[in-house]
Amino acid sequence: MTTTTLAVLVPLLPFLGAAAGLLLGRTAPGFVRPIAVLPTLASLVLAVLVAVRQGGDEAVDAATELTPTGSVPIELALHIDGFAALVAVLVAFVATCVQIYSTGYLRDDSRYPSYAALVSLFTSAMLLVVYSGDLMLLLVGWEVMGICSYFLVGHYWETPEARAASLKAFLVTKLGDVPFLIGLFALAADAASFRITRVLDTVANGGLDHPTLIALLLLAGVAGKSAQFPLHTWLPDAMAGPTPVSALIHAATMVAAGVYFIARLLPVFEASQAAMVVLAVMAAVTMAGSGLAALAQDDIKRVLAYSTIGQLGYMTGALAVGDRGAAVFHLLSHGAFKALLFLAAGVIIHAAGTNSLAAMSRMHGLRDRVPDAYWTMTVALLALAAIPPFSGFFSKESVLGAAEHVTTGHSEHAPAAAGWIVLVVGLLTALLTAAYAARLWLLAFRGHGTEAPDHGRQPLTMTVVLWVLAAPSLALGGLAYQSLPGWFDGGELTPTLTTSVLGTGLALVGGIVTYAAWRHTTELAARVPLGAVAAHPEGDAAQVEAEAIASHEPVYGGVAHAPDPADPGRLLLGPLHRHAAVGFHVDAVYSALFVRPVRAGAGLVRFLDREVVDTYVRGAGALPRWLGAAVRRAQTGNVQTYVSALLAGTVVLVVAAVLVATGA
Amino acid sequence: MTLAAAAATAHATATTTAADAHGFLSPTGVEIAFLLVGLVTFGAAIVTVTTRQLVHAALWLVVTLGGLAVEYLLLTAEFIAWVQVLIYVGSVVVLLLFGLMLTKAPIGRSPDADSGNRWAALTVAVASAAALIWVVVDAFRTTWIDLDGAPAGSTEVTGKALFQNWVLPFEALSVLLLAALVGAIVLSRKAKAAESGTESAPPVPSTRTAKGSDKGGVR
Amino acid sequence: MHLAYPAVLSVLLFCTGLYGVLARRNAILVLMSVELMLNAVNLNLVAFDVWLSRAAEETLHSGQALTLFTIAIAAAEIGIGLAIVLAVYRNRGTSDIDKLRDTAEGHEADASAGDAAAAESAAEKAEATA
């Protein structure tokens, strides 16, 4: 088979799996798990094959036009360069892990067939985005992901949090998608083609008329999908979905799509200095804000969600300094360790019966209950905190290195201001990242208090996947940083000494400070009993998680935070903690800016409809009703009256006829 | 008026004798008789439709119909006149009297013989009378009937006309009369059958059962 | 004789009958008024027939033949009409036309009133037969 055929099969197989899963889910429940796992696994094998054949050489391009579509043709096009090949491998790898993990996690879930089919569809859409060589085709995958995320985040639709979160995810990403669509049209109008290669040629020849406008419009869509400030608010709330879905969304698919899209079309953004600065500012605000917010979260998954936002900030930061190699490198390593973090968190939530760090910090020996999760999570957190030699260190250093490279004015693509912003905030975020990683680890695994409940061994499918993911988290960076430039643009990804020392030092400082704070506050934990565990700890992990999510707000008074004085984050953040816990009131701002005006508008429309329009309608009905009442009174039932009227009319008509006939 | 002119020209050949030959103010003996009998007939008709005594109305109807028979005679339609006397005065009025009795019409003055529709009826009647008289007089004021010579409606003439030219409608009419006879019988029997049906069915409203039982008592 | 005399008499009788049909309450009186109207038509037919048989050499005597038919039909009509009136009287206990208002808007009240009248008349009948 040619590389093109293989590449076509990569997104097609999960799609067929999804269709088969939806069709056979009810009639043949025995086939649901194979149908869910095998296509994704085959797609992983094919993606690896495609990557091996492509090998970072000349990009594979193939296109066919199904039907003429007017002045700007839309083609089914593939464009596989080194980025696409490697990202597809990551997507298929994480998706396979998630599918296998889900068979254990949603073991007893009645909606597993549709869930698995949607995950397959999600994977297929992401692979389509990755391989697509045509912007319209890319948009198809982009939007399919949006709707899949809506369904998957709302998997526990019995809980109000999940319903609200799924709607929010959908609406916020759509808020970005509308300008994104307009931006795509503007881009295609300037380039006279939706083909990415031709668009890039046009950009290279300077044929773009409105680079800043297009870049900013596209940026809005990217911000929505990749959860960048100010459209990031859906991501923490999306934690109301099942943990494997969070892993999928955060590690490989949805949020990666935005970063990947910029990486693909980076020359378009580079054509506008303003867009690059905006991108840098966006990345900086996202990184710093999410780091602070992550320190204050109580829900273990929300900590991870904010960390995802922060790491995505690193990626957009790398893009803002014009180094897409670093961005995609970080995307790959982050995909591995973030998937691991989420899947391990799922195991922990199942074992602890709660998603609250405050409750976990009051459990003794949780790590002994889930040794696999403990060790792999430790690895992943070290990678997240960018401690050498874990993978996160190399990818993050490549980002910081690229930023430092720009600050010295060695790049013609990116303004030096963007470099400074990304570098400074990136270093600050390294500190914050290490701090919240340490806090998470300490609270989850170093708890004091009652013995953690024993719910038996975790399913094998769940623990094996953790170790499979631990390998790249541990070693990917170190092994790959020298070979990856060959796949990418050829830019240097080796860590530079300055940023390495600075970044690692700051990370160590963050970890140590957090540890000290934790030592200081941990005595308080025993004095303030807190915590609630799921009502059915014997159920499968999905049920436990759904109950944990549903009970968090009634028990702690909020989905995001707990009134826990033993939290080291509370000590570290001080007065900031209150604001950080609610995500710096961005939701409140949105509520004031959008929700309330929309509600008020709806109320106005409702008033106009009920009171004003309906008045006219009722008035229009009243006149015929009065007429009808008048006519009804004439219906006396007295035949003589009727005949009298009839004859009187006849006489009048006859007289009139005679008068007309005689011409009088 | 053009209508009158049109009528005049249409009958110009027929009316060889024009109005100037026979003025309205120069009536013959037949006309005087016709007018007098006509006044009696009209008066009787007025009394028929206005009297408060129902039986009297039937009797005044006899006077009206008899007066009409006389008018037929004056128009030399002898056969029609006798048929009028036989059928109307002889049978129809008797039937009506039977109907009055069977429906327990009050004997003597009944104050509610006229309905509340009276004034509307009067208006319509007067208006249509005015319109019709206007049209008729306007159209036929010059038309003259020549009553001299052989009578136009003797039994011989009528019989010839009927059995030469009108045989088929005449026979069809006999079938119609038969149908009416059967219909009248069915109508009167059907009501009894329906009542006996309600009588036999036990669960019926109290008024119906009372009525049915007293019907049974009548029988 | 002027044709106008029978024609005008006919009109007057017709309108008298018309008034009777519209104004009389008792159904049998209405039937009498119908007879008046029919006779007015008969008079018209006879008068025109006599006129035309002389003036136009018309030998069919259609006017008189039609008059005979009308008389026969009127006899049939009065028979059927009386049968109907009797049936109505048996069912409703009245032969007053303006009380037969089943087609009126909201006739339930009238119908119940009619039932009451029927019960009343039935009671009277019972007294009479007792």
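For the reader, a short list of remarks on this structure follows.
Labels A, B and C are assigned to the chains in the order they are written; within every chain, residues are numbered from 1.
As a working rule, a contact is a pair of C-beta atoms (placed from the backbone, for glycine too) under 8 Å apart; a residue touches a chain by one contact, two chains touch by 3 or more.
Worth saying up front: this structure is predicted, and the values here are computed from it rather than measured.
Inter-chain contacts peak for the pair B-C, counting C-beta pairs in contact. A centroid comparison over C-alpha atoms places B as the chain most distant from chain A.
Inter-chain spacing, taken between the CA centroids of chain B and chain C, is 8 Å.
Chain geometry summary: the mean Cα position of chain A and that of chain B are 98 Å apart. Rounded to whole angstrom units, the spacing between the C-alpha centres of chain A and chain C is 91. Across the assembly, chain B contributes residues 115, 117, 120-121, 124, 128 that each touch 2 or more other chains. Counting partner chains per residue, chain A has residues 638, 640, 644, 647 touching two or more of them. Counting partner chains per residue, chain C shows two or more touched chains at residues 18, 21-23, 97-98.
Contacts from chain C toward chain B in the complex involve residues 1-9, 11-29, 31-33, 35-36, 39, 42-43, 46-47, 49-56, 59-62, 64-65, 67-69, 71-80, 82-87, 89-91, 95-98, 115-116, 118-119, 122-123, 125-126, 129-130. Those residues of chain B whose C-beta lies close enough to touch chain A in the complex are 1-3, 115, 117, 120-121, 123-124, 127-128, 131, 135.
On chain A, the positions that touch chain B within their shared complex are 638, 640-641, 644, 647-648, 650-651, 654-655, 658, 661-664.
Interface of chain B with chain C (complex): residues 11, 14-16, 22, 24, 28, 30-31, 34-35, 38, 41-42, 45-46, 48-49, 54, 57-58, 61, 64-65, 68, 71-72, 75-77, 79-80, 83-84, 87-88, 91-92, 95-96, 98-100, 102-103, 105, 112-118, 120-122, 124-126, 128-129, 132-133, 136-137, 140-141, 143-147, 149, 152-153, 157-158, 161-162, 165-166, 169-170, 173, 176-177, 179-181, 183-185, 187-188, 190-191, 195, 207, 210-211, 214, 217-218.
Contacts from chain A toward chain C in the complex involve residues 632-633, 635-640, 643-644, 647.
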